[in-house]
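Letters A, B, C and D name the chains as they come in the text, with residue numbers starting at 1 for each one.
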Amino acid sequence: MELGIIGLGKMGGNMAERLRRGGHTVVGYDRNPDVSDVGSVEELVERLSPPRAVWVMVPAGKPTQDTVNKLGEILQAGDVVVDGGNSHYVDDQKHGAELAAKDIGFVDCGVSGGVWGLQNGYALMVGGDEDNVKRLMPIFETLKPEGEFGFVHSGKIGAGHFVKMVHNGIEYAMMQAFGEGYELIEASDIVTNVPETFHSWQEGTVIRSWLLDLMNRALADDPQLDEIRGYANDSGEGRWTVQAAVDLAVPLPAITASLFARFASRQGDSPAMKVVAALRHEFGGHAVESAKGADSPGADVSPPAV
Amino acid sequence: MELGIIGLGKMGGNMAERLRRGGHTVVGYDRNPDVSDVGSVEELVERLSPPRAVWVMVPAGKPTQDTVNKLGEILQAGDVVVDGGNSHYVDDQKHGAELAAKDIGFVDCGVSGGVWGLQNGYALMVGGDEDNVKRLMPIFETLKPEGEFGFVHSGKIGAGHFVKMVHNGIEYAMMQAFGEGYELIEASDIVTNVPETFHSWQEGTVIRSWLLDLMNRALADDPQLDEIRGYANDSGEGRWTVQAAVDLAVPLPAITASLFARFASRQGDSPAMKVVAALRHEFGGHAVESAKGADSPGADVSPPAV
Amino acid sequence: MELGIIGLGKMGGNMAERLRRGGHTVVGYDRNPDVSDVGSVEELVERLSPPRAVWVMVPAGKPTQDTVNKLGEILQAGDVVVDGGNSHYVDDQKHGAELAAKDIGFVDCGVSGGVWGLQNGYALMVGGDEDNVKRLMPIFETLKPEGEFGFVHSGKIGAGHFVKMVHNGIEYAMMQAFGEGYELIEASDIVTNVPETFHSWQEGTVIRSWLLDLMNRALADDPQLDEIRGYANDSGEGRWTVQAAVDLAVPLPAITASLFARFASRQGDSPAMKVVAALRHEFGGHAVESAKGADSPGADVSPPAV
Amino acid sequence: MELGIIGLGKMGGNMAERLRRGGHTVVGYDRNPDVSDVGSVEELVERLSPPRAVWVMVPAGKPTQDTVNKLGEILQAGDVVVDGGNSHYVDDQKHGAELAAKDIGFVDCGVSGGVWGLQNGYALMVGGDEDNVKRLMPIFETLKPEGEFGFVHSGKIGAGHFVKMVHNGIEYAMMQAFGEGYELIEASDIVTNVPETFHSWQEGTVIRSWLLDLMNRALADDPQLDEIRGYANDSGEGRWTVQAAVDLAVPLPAITASLFARFASRQGDSPAMKVVAALRHEFGGHAVESAKGADSPGADVSPPAV
């Protein structure tokens, strides 16, 4: 079928290519004229026959909002827009409503697959009305990997990005689990062969997984992880996961602990622990010692430790 | 080589069988005479030529302690004992020292593999002296799966059970991660196809893993998990993991959160939350209202909520 | 000075009364004509001489937004609005900007004090420009308790509600701390005098506090807390605290754990723990037993426990 | 009554003095001859008339164990030993059983009060048999503060140290709560008067407490806490609290988070976060990029952030 794609970066460009190989007619626009098929979004729209389908593949936030705004102005009733970027599901709901007011359909699509997607296909998580999703199925069928996995219509508008977000939240906790296990093993003086241990776990264990494979790849290059600092950024998706949980009153202790561990990893010094240290110091002060001196009874006792 | 095995249950019996198929000479003892090759541990020891190797495959705790005690009395200097059960690594260190006092070697071995181990091999995590481990390598080679994974000499005595314990701790947090993700997705009213979503994740995602496969197996049988209560036991290994972390001053927030979630899942009512509820109730009481009434200002305000 | 108050409920009414006793001229409006001094907000505004000060004391959210909108329409440049309700600090910033566009000042004020505030004064936490706060100081001076504590100008617009929100977050964790300590003591079979223990702690300990006093009040009435369920609601402020922390990349493990414990206390069954239970069940299933049977080695072993 | 005290350090010496002022006959032993009344424990025992009472006030662990051993050898049936140090409750149970085998009584006593205890009295938490506690009441009555608080017979042997331990666990979480609240307020750019805010909270709030007073004392000296590092040690009691909770299957998320925050505060770099960082780095690697490149779609996208 015919598809317009806005954003021909590494992801959008490869997706256009995979779709063309699959027999679809793709018109691509990018602000970089070297890779663009048309000179403007307006021209892209003109080149498509109604009812049109336009796939937006630009960064989340303002670039996506701007593109949705523009499409809302120039598309016609009956057309459909797909947001294949990393938008927050709340924005999807807003975009869906804005376009619906003009009888333009909207589908959100979380995409996994990276540079290998061109070859192997992209994992797709989709949200939107049955009709719009159905209409786009030829596109999804070509983009997805072969086999029974890698595509899901998860629910209403926003559901695609919502489940992609939760996927990343789960990923945070799994990464943290391996990190904690590694640190505990490292701290033990009876375990002397740490990388060998993780290596051996890749088969026959309960925790075998792609992340464990990655971890072994990292340990193969740097067995003590000497070359790497314990400093971890976070993308918006971990934060959105926790905020969605708070909104929905869902306890999420392991995922949240994983997010907070990343926050803490980036601090030079912890203001919270300054307070704890200051309070412990106050215990020893003259005026307040009364309540705590008992922690160090005896004739030969070491300083109070609380 | 020649090996005595004490404990011929499902695990011990199959291991004996796999070793025999591999060309080893196995003498097995079990308190069930129907499966036992000999009438007593003494007879088992007599049947082996020194230096002997005896594999203990009985439950952790008292049964293992009793067996180690008995072997300490009747084995000779130069013999070696393997504990293939689920012992706490601290007990290994005690057993190792007790046997070392009699010049008897000791190796601990965490074992994974279940009923398929007979066919596919057992994942083995081993702790002990190089010499003892080396001497037992023919046994380990036959028990382990084919290929490069599934066997590791992790370190000193106790290291085998220590890393198996940490493996289980990691497993707790991974299971919790999937649980939390599932609950959050379930709580969202925009995601309508929950089992389909987890199904689709089995390829092309960061969280693909054996546990995700298991989860999809469970969801295939019971798509809403209606048939199962949110009640989760814990084995000793999760607790030991947290206690080891506390001993070693290692922060373990995600794994510990996972253990605590299991504890909480088994409570009819939470005494801690009774206190929180009681305190909230006190806020509303006449004598204490002074500090909190401000939470409900205005002419038409709902009752104070804190 | 002269002050208009919108919302004459328990809080607003008492504050009006305390201000009148303090010599101020108060014009109050409430939608309940029995307590209202004027028939409309318009009339209230007319009765005040410019530059006017109007204190809004209605529920957070839509009622406050509607009141701010209305005041924005009918007040004049140079007037000032105080939001003394429980608004989210983010809304304060919005309201402040909306009013600033019309040269109307805005101050937010978190208020503590309840029914005793009339007598003892209200603790006030204020955000806004120096000029506006200064101008309102006669009001604040009359409302606050005597002595050096109980009033603070915390910072810019929103700061008053922000610090009141954080106060409540701290409160969550303190309540949880007492709950956890109580549960642990309850669980011990060596401690037989639990209420007596908490009672004794009210002097000479590090944890002495108003919340401990409240807890002892609750235990005096119901020594086993038999009459109360471990079910705890949460107000918006705990959630806002966690969401602010996520926005600002501040790790907040204890406060967040306290919020999640409240969420969990309200669940009949935990979907997350259903998943954990289902996964544990799958371990025992025929096709998957291979990886976990090793957890129950030996001839006389109990069922696998993971 | 007559009492022997072993250990005349700051705590033991002051307690002896307070008891003498209260009319008791105290015989003290210390290894420092300058402060000791007798030359040996044997001599102390000889100087007391049976049935004797001996208060042990030496450091927990080996010094206490050695003292208990010695007393077990030289005391007589009917005598009673009090451990007023900081022993683990598990050790109390051991000591109680050892002494009971010789018909010697044992009472454990958690003590709070420090250098002001001489003047104001010591908060006492006691475990042991009714008979033994009753017999020692004249001593406890003199040591404790005046008034209704500050003494409790909490339960069986070990209960005194158990509840003192839990007291400290609660204290950890309360300190953490203030730390987290402070950090969140510090992180906000709208709150400009942080110390003033904490200062104002000392009256009229829900969180007013002795710890808040201490915190304000610290902020008065060092308003930005510039002089203090966010580095917090922990005593054994926080660890014991978590380990007791794990033993008793009690979820303790806030207290445990507080302990882990202290552990983390002492790390130069976090091995766990090295793993997380390494895994994030692997996502970007050539061979693994396939699964994650999708996180950065579009023509002008920034590097993948997970």
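We take it that a residue touches a chain if its C-beta (ideal position, glycine included) is under 8 Å from a C-beta of that chain, and two chains touch if they have at least 3 such contacts.
To keep track of the chains, here are their UniProt names: A, B, C, D = Decarboxylating 6-phosphogluconate dehydrogenase.
Bear in mind the structure is a predicted one, so any value in this text is a computation, not a measurement.
**Q** Centre to centre, using CA atoms, which chain is the farthest one from subunit B?
**A** C
**Q** Roughly how far is subunit B from subunit D, centre to centre by C-alpha average, rounded to an integer in Å?
**A** Inter-chain centre distance comes to 32 Å.
**Q** Compute the distance, rounded to whole Å, between the mean C-alpha positions of subunit A and subunit D.
**A** Their C-alpha centroids are separated by 42 Å.
**Q** Which subunit D residues touch at least two other chains?
**A** In subunit D, the residues touching two or more other chains are 112-113, 120, 122-123, 168, 171, 176, 178, 180, 183, 187, 204-206, 210-211, 234, 249-253, 257, 260-261, 264, 270, 272, 283, 290-292, 306.
**Q** Classify the inter-chain contact topology: is it line, ring, star, complete, or other?
**A** Contact pattern: complete, every chain touching every other.
**Q** So in the complex, which bits of subunit B are touching subunit A?
**A** 89, 93, 112-113, 120-123, 125, 127, 145, 147-159, 162-163, 166-174, 176-178, 180-181, 183-185, 187-193, 196-197, 199-212, 241, 244-245, 248-255, 257-258, 260-261
**Q** In their complex, what parts of subunit D are in touch with subunit B?
**A** So the residues of subunit D in touch with subunit B come to 204-206, 234, 239, 242-243, 246-247, 249-253, 256-257, 259-261, 263-264, 266, 270, 272, 283, 290-292, 306.
**Q** Give the list of subunit A residues in touch with subunit D in this complex.
**A** For subunit A paired with subunit D, touching residues are 7-13, 30-32, 35, 57-59, 63, 84-86, 110-117, 120, 122-123, 168, 171, 175-176, 178-180, 182-183, 186-187, 210-211, 214-215, 217-219, 222, 225, 228-235, 237, 253, 261-262, 264-265, 269-283, 285, 287-302, 305-306.
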